[in-house]
Every structure is written in structure tokens, then in C-alpha cells.
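Below are structures written as C-alpha cells.
Next come two complexes, and both contain subunit A; in the first it sits with subunit B, in the second with subunit C.
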Partner chain A sequence: MKRDHTPRGAAARKIAATVAGAGATVLTASFVIFAGLAAAPGDPVSQLLGAKATDEARANMRRRLGLDDPLLERYRHWLTEALHGDFGISLTSRQEVTDLVGPRLATTFLLVGMAALLVVVVGIGLGVVGGLSRRGRAVVSALVGLGIAVPGFVAANALIGVFAVDLGWFPTYGSGHGLLDRVWHLTLPAVALSIGYGAYVSQLTAAAVAEESEKEYVMTARGRGVPAGVVLRHHTLRNAAVPVLTASGLAVAGLVAGTVVVEQMFAVDGVGALLIRSISSKDHPVVTAVSLIIVVAFVVVTTLIDLLQVALDPRERATS
Partner chain B sequence: MAVTLGTAGELTRRRFASLGRPALIASTLVAGGLTLIAVIGPWIAPYDPDATDVLAAHQGPGARHLLGTDSLGRDILSRALAGARLSFAGPAVIMLISTILGTALAIFSAWHGGRVDRMVNRLLNVMFSVPGVLVAVLSSAVFGSGFWAPVLALGVVYLPYMARVVRSVAVRERHRGYVESLQLAGMSSWRICLRHLVPNVLPIVTAQGTYGFGSALADFAAVSFLGLGIQPPAAEWGVMVSEGRSELLDGALQQSLSAGTLIVVTVVAFNVLGAQLSSRSGGRR
Partner chain C sequence: MTPAPLFRIQDLHVRLRHRGGERTLVREVSLSVRSGQSVGLVGESGSGKSVSIKAAMRLLPRGTRAEGRIAFDGGDVLTLGRRELARYRSREVALIHQDPRAHINPTRTVGAFLTEGVVHTGQMNRAEATERACALMADVGITDAARRLHQYPHQLSGGLLQRVMIVAALLPSPRLIFADEPTTALDVTVQSDVMAILLEQIRERQVSMLFVTHDLDLAAAVTDRLAVMYAGSIVETGPSAEISARPLHPYTAGLLQCRPSTAEVKRLTAIPGRPVAAHEAGTGCSFAPRCPFAVERCRAERPHDRSIEGRTVACHRVEEIADRLEERAS
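Here is the complex of A and B:
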């Protein structure tokens, strides 16, 4: 086949490669998770039937769950069902896994969305301030150094102690009902979740803005008498945008994984807390489904960033 | 330009590195002092960290108990001091694993160059894109909770950070004249790598290991906090934050606050020290 060497062809190849890579990552991850949990200790039959079940009932259940099949066969079966939206039944609550996960996914999605908003608005805002003035840079660096060093679960404790218990502004635990109540319940968790990645984003933004504002074209524009605000909006920020967007995207991907810790801390009933609970109770169908969802969310976000880079930066299209 | 979370860490490190000599001295003292506590903590604790005394439960800070007592009447200061040992043992093993494997992979990749190097690079990029917490948590699901499952998983999670930094230095060393002359003199590749390359990348390995120790400590504590690492009633900082969580509601902040503060101070000290070491190792310009 003849290769299309036009820029468009290069871009198309790049997009195809990125998407194919993402698919391969998810498929590999799903197999590793499935195989790992299949090898883990724990007997799903006893969990479903209790210790007193007869040997015959146990053998029937093993056959129904397909536990006697070889690993690859079981994986293929699970994957086919999963692609049709069926992740089996929970071993502890006996509900459909999708019924368990669905409502919690909405909660986690809201939490990640709120934290992402904080990361982008506060993180980029602080970063621009830090990148433009020398004094601002010192303050922002100190904040960032601390922000990166404070793990989410430690920040969560301090937030609960001050804002929920002492001041009583926010509820201590739970995820609330109805949208407004939920937002209120999820505010402290979102703050705790966003601190670390917010620090990363502002660090990168400050570096990108500082680098751009020292370039010659900015000096020229200033020398020509273009107002500082216009130079900032039209030149500095636009050129700093690609690394900043990339960092923000990676931060959002990190937030998805970070919910596992933060939800547990605030007893938010989302998929992260469900994952930890299911691991403790060896509820492997739920563990597999939730970890796969987290991996997919993570991979989708990072893939979107890669694609966004191709769209925003012509140089990315040229290198194939 | 591919921005990774590693790049952002790089920037913070440069910032910490620019703090200069006072920061080096201060961070050495703090990190050294905490490491000393991790070794002798259980012996200098004023009380038995596991001794419960229900009559003395929920006490605030006072003369008898400097940091007060927890809900079972255990002395919080003693638990914090004794808990340093397990809290440090986790990240120590994590960094040992990631350092040995990461350095080996980096030198292997730099030595062969070309196609091998590109493949290793691609592998590292895939490893960078795996969410670390999830791996640690799933490892506990497969191998059971405790010390080893999260430690082994995090050892692999931290591997690419070490490998990438070491690789960049090793590539430069590999193309130095002395390597070629040793090869011409008939020395085997193994010997050149072990006797000459490894000693020459050692400063940057030490710096990166120190830098990573802080975040490994935080990650390990997070897994224990989730109930999938060190199990209560053992004294460990992540466990203490978790046990302190329920006391928060009664307004008793001491336990979670003291363990949390220790974690943050340790992370900052090791981050600053690692950045200082790496700026002095000549590994980066």
C-alpha cells in the first residue's frame, strides 16, 4: 500500500496509532486484572452458597459459573459478556454488578468533575500569576512544594477537622441526595482530591508562561507598545496553552485514580469506595468491573490528550 | 512535546534544587533525624505503643501523655515514634526494588542503544501511564493485604521514574571515550557496566532514590490507610491516620494530625534532599 505522505496522512496515521495503542492497553490491562484475580485466594462458590452447601450444589454452581473451564476460555466468555454490558453478579450482595456500579459512577463522575474544575481554575490561575511576576513565583513555588507533598488522605483529615467538625460548614461524611446537596457533600472531597494535581498543573503553567514571556516576540510586542494584557492574552497564553492543556489532562486522569483513596476518606459512596469494599470482601466480579472502568477512564483521558496535542500543535502532526 | 507527570516532578525538583545550601543542610538534618527515629523509635518511646488503658482513653495533650491518647488509651507519641519503623520499611524496600531493577534496565537499554533502547523507552512510557494507587490496591486484592503485596507493586510502579533518569545519564557515559578504550582493551561488556558505568551513575541513582522515597512513603501509608497494607493494631502512620479518622468527629485531632504531619514533613524533607543531591551530582544541567 502506498503511504500518504501529506501532513493530513501523517496526522491520520498518528491518530490511528494512538487509538490502537489505547485499545491494546485496555485489553492487556483487562486480561492481567482478570487472570490475577482468578489466581487470587478465595472461593466464589462458598461465598455464594455458604459453607453448608452440598457437594452436588457446589459442583452445579462451579459449572454454572464456568469455573472448571480453562483460564483463556473464561476470560473470553467474561470479555464477551462485558462488551455487552454484563459484568456478572456480585458475590456478596447478589445484585447485578452493573446495578451496583451505575449509580455510584454518577457520584464519582461528579466528584472528578468538581475536582477537575478546581485543578484547572485554581491551578492554571496560580500558575499564570507565578509565571508572570518574580514575587508571585516565590509564593506559588512554596504553595506548590507543600501541595505536592501533602497526600490526599492527610489533607482530607485536616479539612474534615477544620471545615466540617470545627466550623461545621460542610458535612463530615456521605454523598448526599439531589444535585445541590451532593455538590455540598462533595466539596471537601473535591478539594482534598485536587490539591496534589492542582500543584502539578500550576507548576507546569508557571514554567510554560515564564518561558514564553521571556521570548523575543513578547519583548518585540512590548517594545512596539502593545498593552501588556493584549500581549498576555494573544501571545504568551496561547503559546503556553499546549503544555498546560496536556498537564491538565494528565491531572484529570490522575484524579480518576485518586478517587479510590479520597472516597474512602469521606465515606463517599462512589466506585472508588466500592472497589476497596469489594477487595476486602473478595467480591471479585465487582473488583474486576470497577478496576476496568477506572483503567478505561484513565486511558480515554490520556488518549484524548494525545489527540488534542495533534490537533493543537502542527509540529506534532509532522513527526510520525 | 510530551508532558508527563514525571516532567512536572522534574520542575518541582529544579525549584527545590535552586534553594541552595541551607536547604541541603536543613533537609539532611530532618531526613536523617527521622531515619534515626525509624531505627530507634520503638526503644525511645515513653510507653509501650500497643499497651491499651481504657481508663486513660481520649486524653488531650498533657504532661503524662505529650500528644494525648487514642480511643483505646494508647499513648499517641509512642505509637508515632514506634510506627516510624514500619512506615519507613515500606518505602525503603520499594525504592530498593525500583532502584535495582530500574538501574539495570536503564544501563541495559543505554548499552545496547538503537532498537533495544526504543523498545525500553516505549515500555517505560506504558508503565508511566498506569495509575499507581490502582496497581497497589489490586496487588493487595490478588496477594492479600499486608506488607509485601503493596510494597512489591509500588516497587514496580516506581521503576520507570528511576529508569528514565538513570538512562539519560547512562547514555551520555556510554559514549565517553573511556568506554571505547576499555572495549578496545578487550574488557567484557559486563565488566565495563558493573565496574565503570554503575559507579558513574551512582550519584544520580542516590539522588533519585532519595527523591522517590518521600512519595513512596506517602503511597505506602495511603494503602495502609485504605486497610489493604499494614493491619491494625500495628503502629504505622497510615494506620494511625485511619484510626484517627473516627476520633476526628469527637474533635480529637491529635492522632490523625500527628501522623499526617509526620508524613508531610518526611515527604518534604526527602523531596528537598533528593533535589539538592541531584543538582550536585552533575546528573543534570
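Here is the complex of A and C:
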């Protein structure tokens, strides 16, 4: 086939390559997760049958679960089923994994979405202020230092202590029912989840904005009498957007993994909490599915960033 | 009486706050540009020529302070309010920067760069600006202007991009153009091309120009008057042809002497020592440590501007050494 050498063709090739790369990443990750769990110490069978089970019962159970088949064969089987949307049955609750994960996924996505909103709005907002004004910079640096230094679980405890116990503004635990109630329940967890990454995004935004505002093309625009607001939008913020977008994307992807800790702290029944429970009960089908969801979320977010970068930076479109 | 010059710098000092104290970047600079005139501001890097231009555009970085008087058409540039400053920058003067690659935003199209100035300062709407930009692009020899408008800076060569910068400077029809080393960052092969285009345009439109360069020969060839800068001060001013034929300041003579000859191949004679910055200069003449004619008085006392042969020269010994300088330079 003849190659399309127009800029649009280059962009299309880049997009195709990025998406294909993302698919390959998820596939590889699924095998690593599957093989890793198979190699992990401990045996789902003893977990299921207890220590007193007879050898015969164990052998039966192993056969039923297909644990005696070779690894590659088991992986192939799992993959085929998974591609059809069937992730198997939970070993502990005997429910379909999809039924177990589905409702919790909604909770976790809401939590991640709220935290992401906080990271983007508050984090980038503070960063822009810090990058533009010298006085603002000192205040933002102090906040960033605090945000990065304080571990998430300490912040979570402090938030519960002040806003849930002392002031009683928010519930201490649970995920709530109905959208508004859920948002109310998830506010403190979202704040706790967003602090670390928000600080990181603020820091990076402040640095990017400060650097951009010193650039020569910013001076060119000022020297042409272009109003300060236009210079800010068209040059400083426009060009700072590229690194800020990358950082925000990584932060949001990190939030997905961060839910594991925060859901535990606030007793939110999401996939993070489910993952912890399933790991301790050796419920491999659930662990595999949830781990894969985290990987997919991560890959989707980073792929979106890659594509947005192509849109934001014309030089990215040319090189392929 | 001759009419007042279009642009005049009088007794300009630029100081930079530095570790609690202050550093002088530019000292007692005075120069003027008449309507339709081209003036060259020549000096080595660090001599304060770009700083002077930035002061004239009110683009000095934070922590620097300009004192003195910069007048444009009678108005004091240093005390302009926000709106008058925007008007001055957008309509009266224009600045052509040294490195177009750094001075044009790489994420925005050529068209966006060209029209930004006149559109956002309310001089034209986008359609008018685009139309005029296309016409000007044709004037400076950019073919296929309509396509170029949609391209990004990285898709254009350095020479082409500098022509775009020239178009951007001409678009609002300014009365004075500051050209800060407009060809230095370009390939040698396109330098003269771009220079010729710039000259052609400013002559055709009778725009005044303050041309900043380290290249004395080039400046002498393209300007009416020259001001030679060393260590933040102007050491010699006068008509370009006269200065290059008969330099009166030892520094000017040194600059002329260290240019390569096209007629014969020989090692270049460099001015001994290294150039000093304004803040490093002692109480005497800042060129004294490198000057072959320096005497005790030169090291002790700063020379004042003296008028001689229709020129202004800051040298104690100008009368004594003038003829010897001419010999050395030839």
C-alpha cells in the first residue's frame, strides 16, 4: 500500500500505532498477571477446602478448577473466555466475577472521577497561580510540600477526624446509595486520594508556567503590544499544557491504583477493597479481573494523553 | 534648526539588581534615529546593545531598572501607561528578533503568528490581516503564501522563518524597526538574502531602523550612521562611511582590523584581552586594559564624549592617535 505522506496521514499513522501499542500492553499485562498469580505461593484449593480436606477432595477440586493443565493452556482458555466477557466465577462467593466487579466498578470510577476533578481543577489552578506570581509561588510551594510529604493514610485519618467526627459534615464510612448520596459519601475519600497527586500536578504546573512565561516567543508577543490575557492564553498556558497534560494523565492513572488504599481506609466497597479481600482469600479469578481493570484504566488514560499530545504539539505530528 | 529626531535615547542607564547590590549593564547611552534614517548599533556580545533595545521596547527582564530618557516622537517611552505602551509597541515600533525559531511559538501556525499582533491590538480584523500578510509575504519573496499560513514554524527553514518575522514587523506599518541581529542566527548562505530583503522593505516604506549587530562592516554598509558600543557605553558615533574609513576610537579601529580579508589569506588579528561587561569596568576608560594607546590618565579617569571631525568619540587621546589609528586599520 502506498504511504500517505501528508501531515494528516502522519497523524493517522501515529494514532494507529499508539492504539495498537496500547492493545499489546494490555495483552502482555494480562499474561504477566495470570502467570504471576499462578506462581504465587499459597493454593486456592486449601483456601477453599480448609486444612482438613482429604487428598482426594483436593485432587477433585484441582481438576474441576483446571489447575492441573499447563499454564499456557490455562491462560489461553481464560483469555478466550475473557474476550467474550466472561471472567469466570469467584472461588469464595461462587458469583460471576463480572457481577461481583460491575457494581463496585461504578463506585470506584465515581471516586476516581471526583479525585481527578480535584487534581485537575485545584492542582492545575494552584499551579498556574504559583507559576505566574512570585508571592503565589511561595504559598503554593508550601502547600505542595505538605501535600507530597503527608502520606495518604495520615491525611485520610486527619480528614475523618476533623470533617467526619468533629464537624460531622461527612459520613465516616460507606459508599452510599443514589448519586448525590454517593458523592457525599465519597467526598472525603476523593480528597484524601487527590492530595498527593494534586500536589505533584501543582508543582509541575507551576514550574511549566513559570518556564513558559520566560520564553522568547512570550516576549515577542508582549513586544507587539498583545494584551497580557491573550499572551497568557495563546502562549504561556497553551505551551505549558503539554507537560501539564502528561503529569495530570499520569496522576489520574495513579489515582486508579490509589483507590486500593483509600477504599480500605474509608470502608468504601469498591474494586480496590475487593482486590485486597480477594488477594487474602486467594480468589484468583477476581484478582486477575480487578488487576486487569486497573491496567486497562492506566493504559486508556496514558493512550489518551499520547493522542492529545499529538493534537497539542504540531511537532509530534511530523515525527513518525 | 534640524527637526527633532523620531527616536532618541538620552543618558540611558540600565542596572540589574544582583545579590543585594546593583550591576550596571548600560551606562550613559545616548543616540538618536531620524525619520527615514538607519542607525547601526555595533558591539561585541555583552556590550549592552540588546539591553538598550529591550529598554527601548520596555521589555527588560524583572530586576532591571532603566533610567534616563527614551523619547519616541516627543513622548517619553519609559513613563508610558499601559494603554499607550500597547499602542507604542503595536503601531509605532516593531522588533525583529535574532532567532526566529525561539521567538515564534512552535505550537501555533505561521498565520496565527503573523496576524496576532494587529488583530489583538484592534488594528485589523483577521481577514484583513491575513490578506495584507499574504501580500507582504509575496513582497519578501515567500512563494505560496496561502499554504505557508497553515504551516508550523518547524516546517519552514530559518531564512524563510526570518522573512516571516520581517513580515510580522512590517504588518502594522511601524515608523521605526528595531532589528536585533536579524541575520546572525541564519545560515551564512541566506544571511545576505534576508538582509537585502529587509533593507529593500524599509527603504521602500521609508521606515527608520535601529540595526543592532556585532558586524561593523555589515552595519557600515547598510546604515547611515553608526554607534559603536563597548562595555555598556557608546565609544564612537558618526556617519557610517566615515567611521569605517577612518575610525577615531581605538576600539573601533580594533574591530575593523580583526575582520577577515577577502583578498588574502592570513591569520586574523584579534583585539588582545577579553571584552569586559559594564559592571567590571573600573574608574578609568573601560577599554584601557586592551588598548595599545592607553596611558596613566586612561586608567584613572573615564573619558567624556568629545566632538571631533563631526563625530563623537569617548577617548582622551583622540587627537594624538587619530592618524596612527588610520594607518593601523588600513
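As a working rule, the second predicted complex is superposed on the first by the 276 of 320 C-alpha atoms of A that agree within 3 Å, B and C clash if a C-alpha of one lies under 4 Å from a C-alpha of the other, contacts with A are read in each partner's own complex, and residues count from 1 in each chain.
In the analysis below, contacts are C-beta pairs under 8 Å (C-beta built on N, C-alpha and C of every residue); 3 or more make two chains touch, one makes a residue touch a chain.
The structure presented is a predicted model; accordingly, all values stated were derived computationally and were not measured.
In the superposition on chain A, A:P151 makes contact with subunit B only, while subunit C stays out of contact range. Once the two complexes are overlaid on the shared chain, A:H234 sits against subunit C while remaining clear of subunit B. Applying the stated contact rule after C-alpha superposition, one finds that A:I294 touches subunit B and leaves subunit C untouched. Ranking subunit B and subunit C by residues of subunit A touched puts B first. In the superposition on chain A, no contact is made by A:V183 with either subunit B or subunit C.
In the superposed model, A:L65 makes contact with neither subunit B nor subunit C.
In the superposed model, A:R222 makes contact with subunit C only, not with subunit B. By the touch criterion defined above, A:L304 reaches neither subunit B nor subunit C.
Across the two superposed structures, the residue set of subunit A contacted by subunit B and also by subunit C is 242, 313.
Per the touch definition, subunit A reaches subunit B in the complex via residues 25, 29, 33, 36-37, 39-41, 141, 144-146, 148-154, 157-158, 160-161, 165-166, 172, 199-201, 203-204, 207, 242-243, 246-247, 250, 253-254, 256-258, 260-261, 264-265, 275-276, 279-280, 282, 284, 287, 291, 294-295, 298-299, 302, 313. Taken together, the subunit A residues at the contact with subunit C in this complex read 215-217, 219-227, 230, 234-235, 238-239, 242, 312-315, 318.
Of all the residues in subunit C, the ones that touch subunit A in their complex are 57, 59, 85-91, 94-95, 97, 99, 102-109, 112, 116-117, 120-121, 152, 154-155, 168, 172.
Note for the complex: subunit B touches subunit A at residues 1-5, 7-9, 11-12, 15-16, 126, 129-134, 137-138, 140-144, 214, 218-219, 221-222, 225-228, 238, 241, 244-245, 248-249, 251, 253, 256-257, 260, 263-264, 267-268, 271.
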